[in-house]
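Below are structures written as structure tokens.
One chain, subunit A, appears in both complexes that follow, with subunit B as partner in the first and subunit C in the second.
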Partner chain A sequence: METKSNETQQIAKSPSGFSIIWRELVRDKLALISLIFLILITVFVYGVSLILDQDEIVRVDLFSIHEPPGEEFILGTDYGGRDIFGQLIIGTRNSLSIGILVTIMTGVIGVIYGLVAGYFGGQIDNIMMRILDFFLILPFLMVVIVFVAIVPTYSVLSFSLIMTAFLWMGIARLIRSKALQEKELDYVQASKTLGSSNVKIMFTQVLPNITSLIIVTMTLNLAANIGLESGLSFLGFGFPESTPSLGTLLSYATNPQTLEYRWWIWVPASILILLLMLAIRNVGEALKRATDARQRRG
Partner chain B sequence: MSEKLLEIKNLKTSFRIKDDYYAAVDNLSLSVNKNEVLAVVGESGCGKSALAFSVMGLHTRAKIEGNILFKDHDIANISSNDLNNLRGNEMGMIFQDPLTSLNPLMEIGDQIGETLILHNKDLSAEKRKEKIIGLLDKVGIPRPERVYKQFPHELSGGMRQRVMIAMAIANEPELLIADEPTTALDVTIQSQILELINELKEDMNAGIVLITHDLGVVAEMADRVAVMYAGQIVEIADVHTLFESPKHPYTRSLLNSVPNADKAQDKLHVIQGIVPALQNLPREGCRFKARIPWVDDSEHEENPELHEVTPGHFVRCTCYKHFDFPESKEEQHGIS
Partner chain C sequence: MWKFTVRRILIMIPQIILLSVLVFIMAKMMPGDALSGMVDPNVDPERLDEIRENLGWNDPWHIQYADWVGGVFQGDLGQSFRFKMPVTEIIGQRIVNTFWLSVATLVFTYLISIPLGITSGRYNDSLLDQAITSYTYIGFATPLFIFALVMLWVFGFMLGWFPTSGSVAPGLEPGTFEYVMSKIYHLILPAFSMALITTVNTVQYLRSEIIDTKQKDFILTARAKGASESRVYNRHILRNSLLPIAAFFGFEITGLIGGTVFVENIFGYPGMGQLFLESITLRDYSVVTSVVLLFGIASILGALLSDIILSLVDPRIRIK
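On to the complex of A and B.
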């Protein structure tokens, strides 16, 4: 019995997926710092916004319009006398929530759609891809503007749903192309000869083999989605001022007065967007390298 | 012995190229008995694998006509549910390339377990594990408890082929199709794998279809041999007859192309030309005609059929009666 346990200990376990990713992150200091930064920001923002009252922050206070940063307001106030620091925290939380929600929803829809189209191929694939093409040629911005005008109650969820409806195509196409490749491999055929059904093969055989691609794409999509939300809000088609996001803070800069003399309103939000997107991107790149043995550093 | 397990009748498997369907397996009839190894030989592109895939129902976009009778079912016209009940349970398949036939992200135990879960639902998890380890042991894998937890990339090619075999035989199928099971393996492993398949045949009383282009393997393993050329069977006989008195020019050319260790040879015999592509295949007359140009046209049949030469020995076309290998190069090219 003793020799047997010795023997099992001697088997070198091949590194698991997480340990490969971890090694890659440790090797890439920038990505590690980015990850820590992201975690800190997320925890801070979600933690503090539990204490902060959104209604309190967005209440107009005519006695403290355009206050520069000072003791009472750490980052000053906007033209309605609203605390910029509070808006920044709530705004970051909202932006992050939308980014994550949209990424997950587009991910789920895109992966299932792409997997079905790619796995079955042929006519099914043809029809599904033509439907996708239809969504792809819709002018995203215009359609979103129309939806913003139509939808009466505007919340994080409804905004995410609108964005999801027009953003799932990219990942669906990517997954489809990979599924097309993967289903030709012998192990899929072998699994068929064992009597597995198509659905089972799709989700237990093909899906695990493309997870690395899904993780990397979704991480990089997260950065893009946060940027997109900020862009829409900046243009005035995102959230109203009563629901601050990083984009609404930025949009104050459309006023030349604010842009030139009241930097405290828009600079912090701009810097935060920049840092967030860079950090997510760095982590995403590290993940990408971790999933490709040829590019790995660790 | 002569109980028919699988009977293929007038099978025609066609693939679409551009807008037309071309038959890769053309009007083929064949039967496999219980406890028998039927070898299917032929060059690459003769339709051997297309035949195997038709029997397993793996073609997704091919047009399949004719009947494939297996027990009470006709696999050519069966619902996918019924097919899934058969596959893995009563028929199994061993693939050519063990390096790609296993899912790289699944532990060996789980991969073999998949078919047990599907077809043997009452088996408890512990019993299942026991059975899988038993199977691994049966196919000759050392330390099966350890391999159970390993991933395919941690095993060698021969081990992986053994795992494939274990998967195929997990539910003791009555029909086992081995599609070039030893092509990707080196010679020593080859003989071990073949021995294993032979043992399993004895154990399970199963019918085995062995697809290969290695005549050595055929001589060693098969009970009967079907020689395929361009989607048709050109000769079928039991293994002794086929090796001792081959009739069809193609069979004789194939046997003649095998290097012989007993006598010194400068050059190996080569069958001229290649198997024509599916679109360019002559659908009328003797399909092998183009590759033996020195044989006169009048010696071929117009519509070659299988002729029974001796009981159980069938040959297609009449050209075998006059066929001989040419003496000189010129003659071979039909110039003389």
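On to the complex of A and C.
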């Protein structure tokens, strides 16, 4: 779709992928605002957390437990006297990082799995889809919680690996159905006749043709993964307390006292999660429209 | 029809076997075994080894697996070391609460989503439709646990309209009218919170389904032969658009399972989800594996149900 070879450029200048996306974003003000918001918050969060010291923030300070927002602490403190504002910044950074990491890992696995199943089709596809169906049917939340609880050396990496192991199916299924359509097209047949190997056709010819779908799906997945991560951390099966995430801040609200009287601990984190997810989704929807000429506004 | 159903049920068998293997692997990976919680710490380790040997804990894995599966078929899910009683009994107490919570959530979901979906599809691009679409847009991005927390904060604590934990008021005799009313009263807020989020997909789907059907030729025919507007919608369009929604019913069950873990935890509702979280925190692993197994089977059955309904509704699937 958006891919261009040198030849076609000489014949007629079709708009490049980026200019189509840019036009779509400019037309959709909400998506543009969302994108700016996302860029600003990412730069801010990663920038500030370079200066902030994570160990400093998670250190318990018994003299300032449950301070309401004030001059010393912009957003108050939690039950350990830890600054909420600092935790919010580090938490957003951690949530974003793991969201991106899991999205990339599930993307890689899902794309390869889907391409192989869809491209070969037939019996291979049949077996691979049965395996996928099984993963899809598992009670995701419970299985992940069990693995988080029993894994011997628990770290951020093993957490994201566990999440990846049970989250690659959605994108794999999508890519597979697209690859099934794509392999019937003339260019694949032509390439086969010329003697290209299957691996070459799959990864250098079919893959570029479905990049737009991959980008859109991964953007939308990013929002979902951030939600899942914060949900797991909320239940206490995500990041450990020494590495705060947005969900960790929300988990303090399981204490009725905190929920009722200390809004400053959990309300900012909730709003931030909500804004992040809405913004990523807005950008994702705009990208989706940009990849489908019938839906474009620009 | 029967051919499809039989084939679909046959697919389920390897799924259940795979699930049981996965749960068994989980059980084996868990630190310690059932015995380390069951016996008194004063018994000397050699005697413990003997008991382990007698109970077959040192057998090769496939024999242990066969023993375990045999036990499950006879309704033996092991002993809970926290409650000191059979797991089946504990789950029996809790599953009733989760069952009613799920039923209430489903009722609310359909009560909300069907009218909203129909209104939104029938009067598409009107102001009302835009309001409903924005609700689905925001609802889609809101994680259930945040929404449930806000609902609990607003209606449970600030307004005090609903109880903030438990499944029934203490001191009531089971079976009495007050008891049943108290149960329902405790159900409303958690079920409603969950429904408002799960409903979003159905509303969106119903809306686009109605907008699609509206433009089909048979609707034009219905109008041409003079059917009234309400008849066109209630008889011709709805019948076509509601059927796929019915088919999603089974998949809703899978969604509910994840939801109950959050909602029961937030609203302090003593069901399976809460039991699961408590047990895993207290390392009561025989309960944990049993809950995962049961919920896994529930989602497999849910998917089966959906596929069968779908094949009834859409003949194209049966032929494949």
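One rule holds in what follows: the second predicted complex is superposed on the first by the 283 of 298 C-alpha atoms of A that agree within 3 Å, B and C clash if a C-alpha of one lies under 4 Å from a C-alpha of the other, contacts with A are read in each partner's own complex, and residues count from 1 in each chain.
The criterion applied here is as follows: a contact is a pair of C-beta atoms (placed from the backbone, for glycine too) under 8 Å apart; a residue touches a chain by one contact, two chains touch by 3 or more.
These numbers were taken from a predicted model, which means no experiment stands behind them.
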Combined model on subunit A where subunit B meets subunit C, clash or fit: fit
Subunit B versus subunit C as contact partner of A:Ser270, first or second or both or neither: second
Winner by number of subunit A residues touched, once subunit B and subunit C are compared: C
Subunit B versus subunit C as contact partner of A:Gln189, first or second or both or neither: first
Which superposed partner A:Ser197 touches (first subunit B, second subunit C, both, neither): first
Contacts of A:Asn126 with subunit B and subunit C, given as first, second, both or neither: neither
Partner chain(s) touched by A:Ser155 [first = subunit B, second = subunit C, both, neither]: neither
Which of subunit B and subunit C A:Gly236 touches, first, second, both or neither: second
Distance in angstrom between the closest Cα atoms of subunit C and subunit B, superposition on A: 11
Those residues of subunit A which subunit B touches in one complex and subunit C touches in the other: none
Subunit C residues touching subunit A - in the complex, by the definition given at the top: 11, 14-15, 18-19, 22, 26, 29-31, 138, 140-146, 149-150, 152-153, 157-158, 164, 254, 257-258, 261-262, 265-266, 276-277, 280-281, 288-289, 291-292, 295-296, 299-300, 303
Residues of subunit A defined as touching subunit B within the complex: 7-8, 11, 14, 121-122, 185-187, 189-198, 205, 208-209
Interface residues, subunit B side, partner subunit A - complex: 56, 58, 60-61, 80, 84-89, 91-93, 95-97, 100-106, 114-115, 118-119, 146, 151, 153-154, 164, 167-168, 170
Touch list for subunit A against partner subunit C, complex: 130, 133-134, 137-143, 145-147, 149-150, 223, 227, 230-231, 234-236, 250, 253-254, 256, 259-260, 266, 270, 273-274, 277-278, 281
